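Each of the two complexes below includes chain A, the first together with chain B, the second together with chain C.
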Partner chain A sequence: MQKLALRNLLRNKLRTTLTVASLMFALLLLSLLMAFLDLLGSTSGASDNRIIVRSAISLATLLPESYWRQVETLPHVAAVTPLNWFQGVYKDDRPENFFPRFAADPATVFKVYPELSISPQEQQAWAADRRGFVAGKALAVKYGWKVGDSIFIKGDIYPMDLDLVLRGIFTQPRNADQEKVIYFQRQYLEEGIGKRGLIGTYVLRIDSPASEVAVRKAAEAKFENSDFQVRAETEKAFQLSFAEMMGNVKLLFTAIGLAAVISIFFITANTMAMAARERTAEVGVLKTLGFGRGQLLRLVLGESLAVGVLGAALGCGLCAVLMPVVGALLAKMMPIFGTLRMSGGNWATGLSIGVAIGLLSGVGPALGAARLRIVDAVRRVA
Partner chain B sequence: MKIPLKYNVRSLFVRKGTTLMTIGSIAFVVLVYVGVLAMAGGLRAAFSAAGDPSNVVVLRDGARSEVESFFGQDKERLLVSLPGVARDAQGQPLATGQALILQILKHAGGGETNVSIRGVEPAAFVIRKQVRLIDGRPFTPGKAEVIVGRKLAAAYPALRLGASVNFGRVPFRVVGIFEAGGSSFESEVWGAVADLNGAFRRISNYSSALLHAASADDAQALVARIKGDQQLRLTALAEPQYYAEQANVASAQFIVLGNVLAFFLAVGACFAAANTMFAQVSARGHEIGTLRALGFRRHTILLAFMIEAAVLGVVAGVAGSLLALPLNGVTAATMNGVTFSEISFSLRTAPWILGMGVLLALGTGIVGGFPAAWSAARRPITELLREH
Partner chain C sequence: MSNVVEVRDVVKTYRRDDFLIKVLQGVNLQVAAGDFVALMGPSGSGKSTLLNLLAGIDRPTSGEVKVAGHDIGRLSESDLAIWRRRNIGFIFQFYNLIPVLTAFENVELPLTLTRLSRAQRKVKAETALAVVGLADRMDHYPRQLSGGQEQRVAIARAIVTDPTLLLADEPTGDLDAASAADVLDLLVELNRQFGKTIVMVTHDPRAAERALTMVHLEKGQLAAAA
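Here is the complex of A and B:
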């Protein structure tokens, strides 16, 4: 039986190849879409031990510096560091030259991000130089920066340009994204824009993930009746809020994926119908020889299932190979694509779609073959 | 000697099932392509409806959007009184300082996004004639009232007519709903700039100034004058230019996405078209042999099959475009990548977008059909005639 199904598949090699190839491309696309969706929902480097406090109005509104000491004294808070998103332009406007630039406090930033390691000497050197900055190793390698090098960043959100000197390089072996960031002294920014004492976000490290709810509630309650109310959320929730702002992208991608699946269904069903029509007479002969309905059903279904699974496996395989390449290309426009990878879940979904399409597209022809009357079939031989 | 087109079309539909399924698969590819491009088209339309060439947008020097820009009342007064700014019948300048504030609000469908809140002065309604109340009444300055763009009112429960919404610690009442010709303003909340600055405790009162000139040329002169003034430290640009940048940033992602998707799906569909055309050729070996024996040349046969493949593609393209037509006018929302606030827009299946869809399908048919057509033309007559 299996042998017969296999032979049938190879009978029209061109057709099988074309069908498998079209399935492969559709699944390649589907896997790309899925991987992209995973990426949107990912919270790289987020720790359960950190809470972000920001203005309840939006990120574009800043908080007073005086809140710093007040959040520090909340129970369960181990350390607090302020961060201001500077944005700005390094070299040119191209997205590949974009990386996060934060105005930070040298004395506390590494207490809140203990996973970033830096030598005490470099940390001191940074603290001692108002124009100093520290960079993640991945960035330093990308641009060939050495300690002592100067870089220039043109301001856009803030009305000042940065003239910075590299004083240290920090590493985070477990998460490359966290190494693609620079921190410079917030004092430098404050002086440049006239000591306005404004802070974008306060990052809190708490004693344990269990105190998260208590700390968030306490922080929000503390400033409830002040001029600037705050919103406190876990680092994970904070990162996810950006994906949320992308709008109904998820819905769009699901719709596209669905259309792609319908499109491949048409293609495979078409092939199976063509294959079945070609072999009507043969089915008659098999029936005459005593093959039962069930056997014929399995024969045709087995063939289409093989096409479905083969196409899906090739598509997913090709995707796994191509994904890093495609990711690197897309990263030039949107840096988050740099980590585009095929996950186990993507494999599972891709292969199940292959199985489903294989079975569905074979059902019609298989039933046709099983129901065929020998007389009608054999009559067609001539 | 040419083979009549009728022959091609009829041959295609002899094997109805196969042909229809291939048309179906290509049509879905076109649907996806047109759908994604319609998002880009809709975004562009929303932003281009916002720009008037006789208007000038003034920002802080170095800022690229109103969200990044801020300056004080002194500069705003100076800008409004610049010569070159048009005046109304009472001699009042047609100019307004604006504050653009982002506020997190809960979306009706769950989730939260940044919504643009725009503080304006009365002249804003004279300058932006496309803004028109469709429900309720205008806001009264000093009374903590706002009016809401039609697209937002539908999507945010807190912004329905009559609702009360907290800005900073001040409750504002929604007293009117406006439309603005489908422009991006329909994704904004408008109120009196002084009320909003007070509620949000803003130190620098203005994000931008909007100046209306008598003509596009006068607007250019104003731009040059503001840019040339080193003391002001401001930058200016014509309004269409300001919105064109936002349109480009916002629609670029959809254009890239659409093309990447179309490429992969179309390659897949090419194989389907190839399958169909090979089936056509192999089923008609005898027929091709006869045509050749009658004196039709190889290139005529090639052309005939290519025309068949092209017809297949065009029919699929038209079918896919028709499938995509109901998307026209569907409301979608995404993030304005320049201001980081939500922009709602209506999908536009503009004629050029439908045309691109048909072209894609035509290309798929031709590329997919070529190998089969080539093999049909190459096979020797004797071999062809021997087939049944």
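Here is the complex of A and C:
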């Protein structure tokens, strides 16, 4: 049976190759899109206890420093820290050397991110050094940084370079992503660019997730009639908004992926139907020899399943190989794409789709073969 | 001698659009074990239909078809498939070998439905191919064989399970004279030497002469027996 299914699969090599190839490319496209969506939807390290306050116009619009004390006095707010995204280039612009770099306030940043652990001595050493910075342990290990080491970061968004000295290493054992960040003094940034009192975002730690709606509404209401209106959102929503910045890209990606899968399903189903139709007489012969309905169902379904799984496996495999390359190319535009990888979930989804396409495209021809009357099948031969 | 085939009052009708076509009209037939019957008749006389009924690949509209002691009209589809694989060897006019399998694999195919081991299947398939004189062509694909050789492989496939009844539908109809003679010799040998009961549909009188019994069908009724 397996031998016959395999030989049938190889009977029309060109057709099988083209079907497998079309499945492979559809799954390649789908896996790439899924990885993009995963990346864009990633909210690793986001807390329900934190709210981000930023300009209602755009992230590129900075807020006055005077807002700091005002948001601090809102009900249910436990701590506030300002953060400015610096970006810049460390070593070179390869994606593996990209990590988030924030200008921060040494006195408050660890109050808003209490899950980050750092010794009081290192925290004080950072606060005392205008050029000092603190780094997550994962980054320090990756680059072999030790306290006292200097690093150089070339500015791109801001017209200044950073010449920093490591003053402390913080840890977050439960989330390695939060250890892939550095914080340096915002005072250093202000002096470097010659402008003071401009803040990218305020990060608020609130007393309970239940207060989130009230705090967001209060923050937005507070500055409703000012020159710099704000938008307040949860940390998770803020991270997801980066995806929204790319337009309705998620919907577009999902639509493209679904269209690819649906069209490939019809192509495969048509191929299987053609193959089954060509073998009507053989089905009649097999039935005459004593093959039962179940055996014929398995024979046809096995063939379509093999096509589906092979196409999906090749597509996912090719995607796994290509993804780092594609990620590296895209990272030149957006560094976040440097971490683009094929996840276990992507593999599972891709292979499941292959199995589903294989089974669904084969079920019609398989049922047709199983139900075929021998006399009708044999009559078509003669 | 006991009868392998007992057909009683069999009627077979087909519906074609609004027309009801009566192909067999009350046919009665007995075939004794070890007989070689040639079923003759003009086109449309119902001989292939009768053969299909004997093979259990079609069902009578009314009447009884008993083959190898089983009233096959009463068997379910799945029981009929099992019955066919044990009792019937079918030889088609156009050989109907599976083109992607070698001669050996084609002959082995019915055995894959049994509980025989791979080694046992090999012995049986090789023996069947040796009986039809094609032991040296086992690894050839159908496209690498002549028409006569293909039909002999089909005969090997039909006999490999040692069925109770061999049914042949115009087995020489697509062959040249020499190949047809070879195939008929083989069928005669299977009948005489191995005691196989054979029912062969043919409209070729020379082929029919090789059988032990001749049965004529005319317009769905048995005309005469010789």
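The rule is short, and it goes like this: the second predicted complex is superposed on the first by the 208 of 382 C-alpha atoms of A that agree within 3 Å, B and C clash if a C-alpha of one lies under 4 Å from a C-alpha of the other, contacts with A are read in each partner's own complex, and residues count from 1 in each chain.
The rule is short, and it goes like this: a residue touches a chain if its C-beta (ideal position, glycine included) is under 8 Å from a C-beta of that chain, and two chains touch if they have at least 3 such contacts.
What you are looking at is a predicted structure, and each value in this text was computed from that prediction instead of being measured.
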{"item": "Partner touching more residues of chain A, whether chain B or chain C", "value": "B"}
{"item": "Touched partner set for A:Ser211, first chain B, second chain C, both or neither", "value": "neither"}
{"item": "Contacts of A:Ile267 with chain B and chain C, given as first, second, both or neither", "value": "first"}
{"item": "Touching partner for A:Thr339 - first (chain B), second (chain C), both, neither", "value": "neither"}
{"item": "First (chain B), second (chain C), both or neither touched by A:Leu32", "value": "first"}
{"item": "Contacts of A:Ala56 with chain B and chain C, given as first, second, both or neither", "value": "first"}
{"item": "First, second, both or neither for A:Val378, with chain B first and chain C second", "value": "second"}
{"item": "Chain A residues touching chain B - in the complex, by the definition given at the top", "value": "14-15, 18-19, 21-26, 28-29, 32, 56-61, 87, 154-157, 159, 196, 227-229, 231, 241, 244-249, 252, 255-256, 259-260, 262-264, 266-267, 269-271, 273-274, 333-334"}
{"item": "Residues of chain B that touch chain A when the two form their complex", "value": "17-18, 21-22, 24-26, 28-29, 31-32, 35-36, 39, 60-64, 67-68, 101-104, 109, 111-114, 167-169, 200-201, 203, 233, 252-253, 256, 261, 264-265, 267-272, 274-276, 278-279, 332-335, 340, 342"}
{"item": "Chain C partner contacts - residues on chain A that touch it in the complex", "value": "1, 3-4, 7-8, 10-11, 281-282, 284-293, 295, 373-375, 378, 381-382"}
{"item": "Chain C - residues contacting chain A, complex", "value": "52, 55, 57-58, 77-78, 81-82, 84-86, 88, 90, 92-94, 96, 98-101, 105, 109-110, 112-113, 157"}
